[in-house]
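Here come two complexes built around chain A, the first alongside chain B, the second alongside chain C.
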Partner chain A sequence: MNFKVLFSTMKVQMKQSFARPMFRFCLLVNPVVNTILLYEMYRNSGSDNFMAYVVLGAGLMALWGCICFSSAGDINRERYSGTLALIYAAPAGFPAIILGKIIGNTLMSLVTLCISLITAVVLFRVPLHLENPLLFLVALLSAIVTFITISSVIACLLTLSRKTELYMNCLEIPIILLCGFVFPVSVLPNAVQFASRLLSPTYAVELLRMSVNGCEDPALFREKLLMLFLLTLIYAVLSAFLYKKIDRRVRIAATLEVS
Partner chain B sequence: MIKRFFQQAYLYHKGRRAAFEAEEFVLMQIGYPLVTLIFYCLIASFSFKTTDLTHWVIGNSFLLCTNACIFGLGNLFVGERYYGRLRSIIASPCSKIGLILAGGVFPTLFAICASVCGLLVGSLVFHVDLTRIDLPLAAVAILCAMISAACFGLFISSFGLMSDSMHLVLNLVSYILMIFTGAEFPVSQLPLAGQVFAQLMPLTKAIAAMNKLFDGNPEGFWLNLLGELATGCAYALLTRLVFAFAERSAQRSGKFDMF
Partner chain C sequence: MKNTVINVEELKREYVKRGFFGKTKKVVKAVDGISFNVEQGEIFGLLGQNGAGKTTTIKMLTTLLAPTSGTCEVLGYKTFGEEKKIRSRINFIFGGEMGVYRRLSARDNLRYFSNLYLIPEKVQKERIESILKLVDLADRADDLAETYSKGMIQRLQIARGLINDPEILFMDEPTVGLDPVGARMLRDIIKNLKADGRTVLLTTHNLAEVEELCDRLVIINKGKVIAKGTPSEIKGHEATLEDAYVKLVQEVTA
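Up next is the complex of A and B:
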């Protein structure tokens, strides 16, 4: 992997993404309006710590929105710009370029968590506690890695379709619902919870919430971290496998730009 | 005149739907809105700690019109500019109010269908008893709400004459509707300025009327609906005013876009 390519792609991607009004909405406006909406919904919930569901929930919703509307849609944007075939065939390597784009987007999208936090503090002056900062850092880093991995799986799959806009719109809310970004997964029916457990962000969100509320059971934290690690690994392998399959198919059929 | 109005309305509808496939229709017009409804009802059940989700099923069913009336109709003038018809519309001596309103006919019908579907699915999933209300009155409330929402959508679409960031505007408007219409939490929770602003929004009064119907307390029902219709008419007139301003500005400066 060429790290120079990775870093320069990250830099260009951040600039390009920020130039788009929709991304600016996802990055700057979405966390603010989500925080307002969730705060009003959780205001009378009896909870005295709004960090777990309001700040974290709004920030994660916005972060996922950024991932859906940028990382997943970037391949389509390259297709419409006529540069997809060029970056695909470039000696720098398509995976390095796409990974650079995804990492750039995901890192920039972390701003949503800060905006959500600032909104809650400035507008509502709500009590916010972070019980275990060290565990929060571990959970956040794991979440970033898992979001990057799941984005690369989605990006790979969407290489094959021209209906990217449709799919990225349809991915946003269902994943937020299934992964329990704004309520615990236990609220969902058992059959739906099974699907939630197959998605790595579910564990990432639970770990973040455990670190915010205070981890009473370190063994449970380790267990969830291990599950997150395993699922992330599976997604990474799946992403590499899909890339190889797609690469072969695209080279045989020569349909990269019109698939 | 009336025949031409409906011909125009049908052409608008055909133009918007021509590129749609069955898969897109099912995912974007049926699946995604219903998942969104379920998502917000689940947040409400957890945050408000209640199993009676009647108010949220009503509110979110009404908000399902966002797809047709805000995202569908909001791009009306952007589409006209994109397809090169804005010039003909501005230069034509025909009645502009009829032309503008024609764009709202089919989105209103789609919005009515979406709201009815939302109510039915919501009542099935969250056990809301629809038999306890007067169905004709409920139908009148839905009709008024959707006419008002379509007029609001037309008003928002006029921003397309002034801005090239309609994605941002439309997404922001969809959140404003969630926060200020009383669909997700009672309007009384908002600060005074927010409560006043909420009364200027479409759907607020229709949702209140529908809630009264479900609560078995229809006092003020018709007043709410009259208010809702007046809000819709005000937005239709505002659209005409904005368009007249754009028309004059275009004729004076020789430009068809105000940005």
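Up next is the complex of A and C:
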């Protein structure tokens, strides 16, 4: 892995993404709107810590939106601007370039969490507690890694198809619901919960919430962290495998460009 | 001794189009058994009508597309299977306004592609400055590409294509949309590349350009080679290369 390629791609990606009005909307406006919406939904819930569901929920929804519409949508933008073929054939290697793009987007998208927090504090002046900052940091870093890995799998699969926009629209809301961004997954039917448990963001969200509310059961925190780590590892292996597979497939199926 | 850098034999590429439920299948033969070779230091023309298979051939040669069958070798390596040995030594320019990042400046575009071609930092700076001068973009190098005219974007594409100092440069209709001064500049760049021992494979509809630049050429029609040779051999007794080209195409389509 060439770190210069990774960093220069991250820099270029951040510059390009921020120049797009739609991305700025997702990054700056979405978390504000999500926070207002969730606050109105939760204010009579009886819960006195709005951090767990309002701030985190709104921030994560916006974060996932940015990842979906940028990390995934970028493949299509590159395809339509004729640069997908160029980066695909560059000696730096396509996986390194895509990874740089995803890391750049994900790091920039973390701003959504800060905006949700500021919105909740400034607009509603509600009580916000972070019981265990150290565990929150561990959970947040793990969440970032898992979002990067899952984006990598998605970006890889989307290289194969020209119907990228359709798929990324199909991905946004189901992941928010399945992974319990704004409610505990335990309220979902059992069969649906099974699908939730196969998705690493579910554990990331639970870990974040545990650290916000105060971790009463350290063993449970470790267990969920381990599950998150294992699923992230599986996604990483799957991603590496898929990149090898698509390397041949895209050139047979001719999906690098719009002809 | 001549050194063959591009070797194409009985090359075929088919596209399979499937119906809505995948029941109907239509096979389109974009390239149908073409053969030619290109020597080191040559400017080689690939000519043909729209849809003749020129771009598909270039995509196979530049490792972007898998051949259906036949031999497709660049610098002695297969373009499908041994592409990693080829990619750092070639580059390609597709005509039109695509292939650059419009929300970056010319300098940032070139710096980024230099990184993707793993060009050392020391070499990068000097090369970027000299290429910007070569394509006459030095004055606007720090402006965003989205503020450029069509011709300027095309010149930026040419600059990008030269960033790794390629041994072979593939150019697909590079002068489309260029003004006469820009087109002349591009022809001079191509001549200089040849003088440096570089190889250029070029597709164009401008036959005067072909006469001026190309050492040899092939004409393809509906995926098949219909003529090959030097411009004067193909011209034969006709007044111009264009006359000879039109006659050849009309003969095979009649």
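We adopt the following convention: the second predicted complex is superposed on the first by the 252 of 259 C-alpha atoms of A that agree within 3 Å, B and C clash if a C-alpha of one lies under 4 Å from a C-alpha of the other, contacts with A are read in each partner's own complex, and residues count from 1 in each chain.
We adopt the following convention: a contact is a pair of C-beta atoms (placed from the backbone, for glycine too) under 8 Å apart; a residue touches a chain by one contact, two chains touch by 3 or more.
Remember, predicted model here, so these are calculated numbers, not experimental data.
**Q** If you stack the two complexes on chain A, which partner ends up touching A:16: first (chain B), second (chain C), both, or neither?
**A** In the superposition, A:16 touches chain C alone.
**Q** Once the shared chain is lined up, is A:176 touching chain B (first), chain C (second), both, or neither of them?
**A** first
**Q** Could you tell me if A:53 is touching chain B, chain C, both of them or neither one (first, second, both, neither)?
**A** Only chain B is touched by A:53; chain C is not.
**Q** Along chain C, where are the residues that touch chain A in the complex?
**A** 15, 59, 62-66, 80, 83-84, 87-88, 92, 94, 96, 98-104, 108, 111-113, 115-118, 160, 164
**Q** Inside the complex, what are the residues of chain A that reach chain C?
**A** Counting only chain A, the residues touching chain C are 2, 4-5, 8-9, 12, 15-16, 19-20, 81-83, 85-92, 97, 248, 251-252, 254, 256-257.
**Q** Touching residues of chain A toward chain B in the complex: what are they?
**A** Chain A residues touching chain B: 21-22, 24-25, 29-30, 33-34, 36-38, 40-46, 53, 163, 166, 169-170, 173-174, 176-177, 182-184, 187-188.
**Q** Which residues of chain B touch chain A in their complex?
**A** 23-24, 27-28, 31-32, 35-36, 38-39, 42-49, 164-165, 167-168, 171-172, 175-176, 178-179, 184-185, 189-190
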